[in-house]
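Residue numbering begins at 1 within each chain, and the chains themselves are lettered A, B, C, D and E in the order written.
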């Protein structure tokens, strides 16, 4: 197990290397010229050339990549083309904000998704199941901005319970994480339901009942953990969505997070920032999936990690 | 009350398939005396497990339901009490060992936790005391290093150990009646011998009654006082174990005993009962065994025989013996 | 032969070979909710085909005198910011939205499934390669990918299908891989190997069907996501023209009117909701049917 | 008749499975099969018996090359298969088919029986669909089913019928060798006898060779010509059926024989009830593998593993210090 | 709604809102739609950053809320006749926020910084005309240009930075602004907010009364409006046209409107067929109903564009409109040989407003037989397609739906219509070339005579309007919302945020 984790962690290094290579050349392939955007519409050709030199974008791509990697290896993420600020500065607040948001969303999506899924499975084909189904379907067919604005209207404007945005206290995270988690919650609810339905047919459930346990105990203690395995996969899968989906939520709730930074940077073709964010996201995603694999092990003592 | 710990009367259980009701148990009646081991034998699919599930009322999440009959346990009809009363009986007064030791344990829960669950629930023990009880149960069933095993998961154990854990679990609250559904079928002989030994010992020590379900006649011969033979959802013969092996009455029982390969017998071919058990939705009209019966008579195809006494504490459901004795059940 | 006789006498009269379609239909009819949901989807497809003839108004025809009207007798679903009839737009948009989302999820599912099967079945470096690739895909911002796809492929409905499919592939691949890992341990898979079956046969004939059920759930859930994804691509200039009545685009364009004329958003929202719901119900039904063990 | 030649020759095969161990500890492995050798002559039935987990199935899977042996060689019909390439192996597999212990799990639950049984034909022949159907129908008849059953799914059959389907599938290519891994363990007595009879009849009719795996000695006695007794991955005794049953030499074989329940309530006999469980194959005991449970264990047993030696009778081998 | 209470302004605090919850309302929250990019006023390209900077920085001259120039760090100035020499009398007793004194030397350091090519500052574009800056005495500077440049006076509004801070922070000056303005910098939390507090030593002490101002980027329109409603924001800008209605009748909230400097038009590529024919371009102008445009696309807020720039800009000369007349349009097309219309495309970015506008154009032109394909493109791609060309002939663009904002006539006309500014060298995306216009722009640039400038710019406007290189659509209105208790905060026509008199009632 420990070896496995170490092995996986070591594996990350070449991956990150490949990822950085991929990202670097990929984003330079994408049309758009940051120099133009930095210099402005009225810029003369001469000005543009000057800015290009200053930003170091006049050098051959390979040289640029080598410079970039050299910096990266010394822990220097570089400077933003747009603001000129060091990227690490720009990440400072944003990273923790996005992480908080992501994990809160995942957290409640898990709690609610499991709850709804469980209730749906236990009351299969009865009204709680239908309500659960409708909730889940709403969760994925509603676009994030819509849900977000409705939540703001109801809980901020009308009821005044939560702020409309910002990151000033835990309260600020409630509505955004609800919005962000909705889609995953739905997926989790659906998968929990079908997985639990399978588990409830298992023999050991009958054993539990034969012991005289209450049905609620049977479901909670015996069925749920066994149903978690496919659910964890989905949760891990959806983590990528959380990172990407945070853009909409960060926009609607004016949250200074990585998602919006990424979008702004893409719009500006702020290469170093885009590279840094994607690199970070990849790393996170890989780590989360490692975590998922470890969780598998925790959930299912049978799983062995060996070749 | 009586010397019977349990009386099953006219039990009828059905499942729904394709929106169609299939009667799986039909007028199953038998009794278990206090302190005895009653064997329930019969071919796969004849309804042995369903009988045990009916006694425990464990049909949740299946389409099964009990449509008729009584299951009288110590004077109370289990079919008329509430679910919560039934829960108090399950695991405490009547416990059960399931057929599949591999799948009947929760794969993601530690053995100890699974054992202690029922002990805490029914005996109201503290964690500490429940643990002691669990360990002592494990010791009784012959598990080596019991306290370590408490912290392990089912998949880490061999089939034999798992089955012993099931036994320990079932016996941990000192039940009055133990239903053991093919407790050794999945095991190999040396382990089977060990486990049967353990069960015999425990049963004698605790003076517990037992319903032993099996299709292994060797096990029956070794363990049981009396035997009920089932075929296609019906009781076809009931006898003491000696009577049954000495002089099987029902052609099915005869076939069953004949088809067991015996060491040192040197037969080129085994006797066998040809054909298969009829499926519930494809039941012959008359005697359910008629299509496979060597001694089939025209009447067998027409009408189902009733179960009749054919000797002291002996019953048989066959046209060969109709009229020999008194009709017992419809 | 003796053997046969000994056992053979409760053999039942042979019946004629039932056609698979008939059998399927028989089972399908029993799935009540799924049946009706399927009917609804069929209905949507009909609308998709005949939309332009059914629509009460020209969905492209502006009428600046009646902008943003709430539902009324003349306009059952109200009008949008140009005074176009929303109902007509929904009807005509069915084809685009359904077509794009369905086919893109299908493509994503097919490619993702193949990758997932390969990854799970062969394991080793192949698995690692595919999985790490999917890690990167997940971490890669959709927007950037979309811009690149626009740049590489240019506009056009087929390309939007490709683009949305590309987004779905990694998810499907991972899902199927997980199921494959479990399914390849099945004894019948070993049996097939022992018969000398080729890997491709084992993967597609034996393992794949085991993964179908969770794929169906995921598939039906992805439909909605894809409608929305396709519309965000149309904003980038990929896919349906901005004036075309694609549901997702209607939703996004209506964003500004959420506060003042919510029907502009709610109605396409309902259309998407119902569609996703129907696909989910059908998915549930299909799952039950495809599982040979479920009988009712 | 000619002297029958050896169809299967197994020479010193070994198989070790790596297993994951707890946090921080080093890698461990299970010695599932340890230096096992035997021969099977054409038309003969060789049975492997032993407790659960002793490596019977692993041996079976090695012989069919579902697993690759770590060491040792296997010849089938004169061809060395232990290191053969997959593509070439496919040819050999035509000759070697397998019947599995769990008749349900080994049939794809989503395929109709017709397709299940026809699968080997699809893989190895280029027959037309009609021809396949015809052969399938024939084969189903041979095992006592009818073409009526062809349209059904595995779960619609009883255990005995499922096992017949498994046998039909194994027979359809007219193989030389059938590896039957506990083909009757999951079946009822009355059905078990049907299947055993069927296997015997088929052996005669098609001149089949069986590698028969079982833990039930009464079954083994009925069907085999030769028997190998396994314990913890090793062959501890092997020889002709008659010799083994009449004159078992290894204490384990003796215990095994005495454990078989006798279907006679009056039968009284001295039973050897072994104590404890089979040791974990991850941590096999030193010396003789059986000494931890052996009623006759001596000091030497704890230190020196006994070699397989020919006993008094011909063809009878036993690994015991006694 | 509960946030509707006016006066004390506590609801924000009780809502757990963005404010730090001061009991006495002394903090003003201004919600804007985008992130600020830099706080170096000499290297700023976006209106929003300059809007925020205007609280902290002052130029020698400053714009008032109506975009009129007024004295800033200089009290008076004089220009020589050729418009090549500017002499400024500096305000006395002014201190930078870091306590260092403001004087002629400071001005020189700043001007030298901007006019040095190697510093690569945005302001270089305007300050490159400066040949030298001389310190005449402690409170007088003389600026000499290397060529006459009439618009230069507007450029002296660029904020002056503390030389000590420039020294201290170097490149990091972008996040450490030190100026002389009525507010001084407190903190800038990237992406979240920027806070300034009242400068007690300001030379015009007392005009601004609010103790603290927090600028918050809130990109989502609906959220900004919600913040205003709940009181989490005191001022929001921009207020989307579609949302005005939801605020009407909302207690404690006021909607403000001002004409803006933003012109909305469709740039037409005059080098390409059929747009090289003036009749086609005029026909297109006649085919578009501008009233309907304002109603449908701008929800009724805005005015018809009756020249090439907004009336708020100096030397504006109204030209009238191309009346909406389909018959006339068809007639013109027929004359040009396009009786049956033609097919073309229109480009624009991915903003929903732009998409709406493009669709509107598409619908309108359809009526005269011109089929327009709407192509929205992601901004950077679009910019690449338009400006990233090697030569004007290479341009693939046919029509471009776009807007332009400028504060002075030079920027409004020279950038867009002077033929030297063809992409890739400039922003004349219509590839408009008219010798008379080129000449007039040049002369106007070189004259300091206001009347002459007016006359010359008049000529430009008249000719351009007649030649129709654009579809002239509208002048935007600036819409912003504030809480009723906020006084003295304005959004200027160019989108600046004027807080010099900010106060609560």
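What we mean here is this: a residue touches a chain if its C-beta (ideal position, glycine included) is under 8 Å from a C-beta of that chain, and two chains touch if they have at least 3 such contacts.
Small disclaimer: the values here were computed from a predicted structure and weren't measured.
Once chain C is excluded, the chains joined through touch still make one piece. In terms of the stated touch criterion, the partners common to chain B and chain C are A, D, listed by label. Here A-E and A-C were compared by C-beta pairs in contact; the pair with more is A-E.
Spacing of chain A relative to chain D, judged by their CA centroids, is 51 angstrom. The distance from the centre of chain B to the centre of chain D, each centre being the mean of the chain's C-alpha atoms, comes to 30 Å.
Centre to centre, using the average C-alpha position, chain D and chain E are separated by 86 Å.
Chain A has residues 31-32, 145, 149, 153, 266, 307 in contact with two or more other chains.
Counting partner chains per residue, chain D has residues 194, 197 touching two or more of them. In chain E, the positions touching at least two other chains are 222, 378, 381. Residues 200-215, 221-222, 225-226, 299-302 of chain A touch chain B in their complex. The touching residues of chain A, when paired with chain C in their complex, are 11, 15, 18-19, 22-23, 26-27, 29-32, 133-134, 137-138, 140-143, 145-146, 149, 153, 183, 186-187, 190-191, 194, 230, 233-234, 236-237, 239-241, 243-244, 247, 262-263, 266, 274, 277-278, 281-282, 284-286, 289, 307. Residues 1-4, 6-8, 11-15, 17-18, 186-188, 190-198, 201, 205-206, 209-210, 290, 292-293 of chain C are the ones touching chain D in the complex.
Across the complex, chain A is touched by residues 53, 56, 58, 60-61, 87-92, 95-96, 98, 100, 103-109, 117-118, 121-122, 153, 155-156, 166, 169 of chain B.
Chain C makes touch with chain E in their complex at residues 60, 62, 64, 67, 81-82, 147, 150-151, 155, 235-237, 241-243, 252-253, 255-260.
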